[in-house]
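For reference, the structure discussed in these notes is given below.
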Amino acid sequence: MTPNSGTGTSATRRLGVLVIVLVISLALFGLQFSAEDVVQGSTVRIMYVHVPSIWTAYIAFFLTAVCSGVYLSRRQRSLAWDRVAGASAEIGVLFVAVSLVTGSLWGRLTWGTYWVWDARLTSTAFLFITYVGYLAVRRLDGTHRQRARRSSVMALLAVLEIPLVHFSVNLWRSLHQDASVADPNAKVKLDGLMLFSLFLGLVTFTLLFVWLVLHRQRTMLLEDSFADRGLDVAIAERRNEAGVQ
Amino acid sequence: MSSVKSRRTIAVAVARKDLSIEWNSRILTNQVAPFAAIVMVMFAFALDNEGILQRVAPGLMWLATLFSMLIVVQRSFTVESADGALDALRVAGVDTGAIFVGKSLALMVQLFVLEILLLATAVVLYGVEMTAVGLLEAFVTMVVATAGLGCVGTLYGGLAAGAKGRETLLPLLLLPVVAPVLIGATRATEAAFGSGGTAVSEGWPWIGLLAVFAVIFAVAGTVAFGPLVDE
Amino acid sequence: MSSVKSRRTIAVAVARKDLSIEWNSRILTNQVAPFAAIVMVMFAFALDNEGILQRVAPGLMWLATLFSMLIVVQRSFTVESADGALDALRVAGVDTGAIFVGKSLALMVQLFVLEILLLATAVVLYGVEMTAVGLLEAFVTMVVATAGLGCVGTLYGGLAAGAKGRETLLPLLLLPVVAPVLIGATRATEAAFGSGGTAVSEGWPWIGLLAVFAVIFAVAGTVAFGPLVDE
Amino acid sequence: MDSVIELNDVVAVLGQFPALAGANLQVSRGEIVLLQGPNGAGKTSILRVCAGLLPIERGSGRVLGIDLVAQRDEVRSRVGLLGHSNGLYLDLTVDQNVRFWASMVNATEEEIVRAMSLMRIDGRLSSVKTARLSAGQRRRCALASLIVRRAEIWLLDEPHAGLDAQGRDELDIVLRNAVFAGATIVLASHEMERASALATRVVTVDGGGVQ
Amino acid sequence: MDSVIELNDVVAVLGQFPALAGANLQVSRGEIVLLQGPNGAGKTSILRVCAGLLPIERGSGRVLGIDLVAQRDEVRSRVGLLGHSNGLYLDLTVDQNVRFWASMVNATEEEIVRAMSLMRIDGRLSSVKTARLSAGQRRRCALASLIVRRAEIWLLDEPHAGLDAQGRDELDIVLRNAVFAGATIVLASHEMERASALATRVVTVDGGGVQ
């Protein structure tokens, strides 16, 4: 690994620049241009982070599941799929965390409490724990292939929880907003600019996610090859044990 | 090994083996059941001052079941790894799906016995009254919920069975997955008990949810158990 | 072996040994603590719809502690019997009283860490608020209660450690005995939390009770441990 | 096909440690190969790789023509492994243990009875929990469970350990008969006199490789 | 006083079963007595009785002049036992294990180092969890923990099991030195050649009694 080479390429750098621009513009739209909400006042602006981040997390976990499926289905299995799955899950967990935090802040403002044991909040918390568990499974000792096999199975199971989170509000009576944007036959309550900011947020976060995953899976590649390098040394030492006793 | 018949025989053999281990060691009857019962008594202690016991009885019953399940699952895989039998089982080269089915069945039987006991305890301790229909519903709930718990318990128990570090995962992995069961079963049982004036009819949709859960994990387990327990 | 000094060194050695086993295997932090946390989350989830969470928070916290304690105690004696180390320890012919003290100390340290975590969890999950004095009281409660739990846990754990059939006794024996601790600690903590408008001052008498309990079992253990673990 | 086991520069890791650091081994049908070498050399690891329990990190291996990297699970049904630990269910009786393993390969009643009497664990012992058995009796129980499997390849880790004088002789006879019936045997042992008398070839393992 | 161990018609039960049914044994200081006999004969039980672990149901016994019925616990601090199992803490490293047992008898640092290098578990191994060791390395660790105890009577159950060729020779030397330094040794073993070469007297155990 020569020092000047990083995990970036010209493509990812351009993407990075684009993401920065988008983040700035999202800040402008979210905090400046978009109107206050009739009921919630300025606090509604939290939505532009809270909602896109959780949706991006959904995307991330679906991607993890897809890559895991591909990994398992292929005849000769390529660890690249596994690395993307892992990277995507890591970033996904990150985004769920963001949405948990923003959400509970928002809750403090609107419901007067950080946390209630409401169906969606709880199911979100469980989604979070599930993928923390997934990452823990990835860290179990064993060869890269073992890691890949275990974790891809986990991923395919874990993704089933997303619908649970999404429909939790309809399943159980809940304080939380029900699917107002995502659900098609709902008369959209948000005015045009708010809606635009919301989707701007979605685009921004998704691209940010892509950018992060590209880098993360490359660092994983480096980690793996570094581990292999370490193994070479260990093997040499092990061979030298012969006959010394 | 792959012919359906032999798969069934293997599943049965594994289940019978696990059950006779239980029969010989009496862990469930002498250790887990009292534990669960005491758990419920303790709840009674800790909460009775509020007189809300009847209302939360179903939740408590299922909580006790889940805690006991953690113990039973861990036990069910300790006996495998204690003297390296899990390796022997792997080398036996029998269909892992069959092993999964067998161990799940054994686990279900044990859990079911446990739930019967807990239900009885709940009726006695918390003074729950039930209609005939309610009783039936409670029964169905237990059957369906147990099916789900058995499958998911075996699946993650298998993952936790192998190398040292893994076992520490079991509670972490199991909690989020069984949470839906806890909720579904609790609500259904509330309906069966008529706690807080819920009508018996309200229970059935929840039972449906439990059934879906059971099916998903039965299928997932049969497919995924092999790769998971495998080193 | 019988000189006071050497007794102390042995107790220390045993305690250090148990703690470094925990340090190497991380069972407490990776398995028991999550389990306890999960217990509390489950409680919260099963009971919150009643809105009584703050009021019962202390009870739940101590219930979680007791269940976790069962696991820790069992573990603390499994490591002894796993590879026959308990025999080796017996043959070492060291003063069993010292062993008791050592293992109790290690157990107390682990339980105390656990309780700190659970207290934090309770504050976060159940939205408990405390005054400075309350915090102090909660702290003292934990110290005294832990002392008692450590002694009684080691004592009965030792009894359960021996021949197979015995281990099934542990929960059965332990939970009834610690029931007083549960009540005392719960009441004291309620006072500390000011749950249900109880005044902080109401807590101290309960702490006295806990202290008596601790002393009784500290003495009983040092005397009775030897005969109990012995075949 | 002649060579039933072949390992080429196999590397296998336990945790981070390369227990096998490039091991090569060829075994042809009907051989009795003795692995000998210092403690920690890698004998157990080699046997576990051949049994398809320990995955191959680098290098390649075939057992009965089946690739150990791609189809480890196929291998398993055709080999029998006796490890350092006996692989018994300690809460089951001797009889229940043997019958369970027998039912995995649907062995006949008559085979079960023969295996148990061969290992002299019939009679009183058959109804005793294996947890209560003496060390050697437990070893016999494990061997009986292995015998009923009729494996094509027997992988034995110190099979004589704990057996009494008579048991050792009986075991040797059992193994010779198995080979006579077409099986191949790889065993690890530290009792050179007895083991090398039994073996048709002795291989020295050291430093995670085969000398 | 000459005879350090004497058992008279000792009966000892495991569960309901009389593992010892009237065993008699005299051992005098400086002897190396080999117990041999079929599996399940009662060798381990005899050793456990002498170590004060297994209570005497009927009959009488004295170790170092101390009565085994009345004062079992006195006996223990003066004997050292190596059983079938190693008595290690699997979650502790080799080093931690040996040091713990050493601290039980406050052995000197220098003794610890010597014992570990004698059993060749110093260096890389000393910092490995015993759970990860190979069978023989674990046995070595147990022996090292025993050596630091400097017991007056060594009770060894198949001490050679699992050790490699070199380890067996080293162990024999260790035992001979111990006897030279005034210890007495009773060992059970099935490896007649090696064990009887080491022993000064061979005793046959069978059916829970001594022939």
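Which chain is which? They are A, B, C, D and E, in the order written, and residues in each are numbered from 1.
Following the convention adopted for this analysis, a residue touches a chain if its C-beta (ideal position, glycine included) is under 8 Å from a C-beta of that chain, and two chains touch if they have at least 3 such contacts.
Only a predicted model underlies this, so the values are computations on that prediction, with no experimental measurement involved.
Between B-D and A-B, flag the pair that has more C-beta pairs in contact.
Output for the comparison: B-D.
Could you label the subunit B-subunit C interface same or different, taking same to mean over half of its residue numbers are used by both chains?
same
Would you kindly tell me how far, in whole Å, the mean C-alpha position of subunit E lies from that of subunit A?
Subunit A and subunit E have C-alpha centres separated by 59 Å.
Report the inter-chain centroid distance for subunit B and subunit C in whole angstrom, where each centroid is the mean of the CA atoms.
28
Just give me the whole-number Å value for how far the CA centre of subunit A lies from that of subunit B.
Roughly 32 Å separates the two chain centres.
At least two other chains touched by the same residue of subunit B: list those residues.
25, 164-165, 169, 172, 175, 179, 183, 230-231
Enumerate the residues of subunit A that touch no fewer than two other chains.
122, 141, 146, 245
Residues of subunit D that contact two or more other chains, please.
15, 17, 38, 40-41, 55, 84, in rising order.
Would you pull the subunit B residues touching subunit D in the complex into a rising list?
Interface residues on the subunit B side: 1, 6, 9-10, 13, 17, 20-21, 24-25, 79, 82-85, 87-94, 226, 230-231.
In the complex, go through subunit C and note every residue touching subunit B.
Going through subunit C, the ones touching subunit B are 25-27, 30-31, 34-35, 38-39, 41-43, 45-47, 50, 52, 55-56, 59-60, 62-63, 66-67, 70, 164-165, 167-172, 175-176, 179, 182-183, 186.
How about subunit D: which of its residues touch subunit B in the complex?
Residues in contact with subunit B: 51-55, 73-81, 83-93, 96, 100-101, 103-106, 129, 145, 149.
What residues on subunit E touch subunit D, complex-wise?
14-15, 17, 36-41, 44, 84, 125, 132-137, 139-140, 157-158, 161-168, 190-193
Once bound in the complex, which stretches of subunit A touch subunit D?
Checking each residue of subunit A against subunit D gives 141, 143, 145-146, 230-231, 234-236, 238-243, 245.
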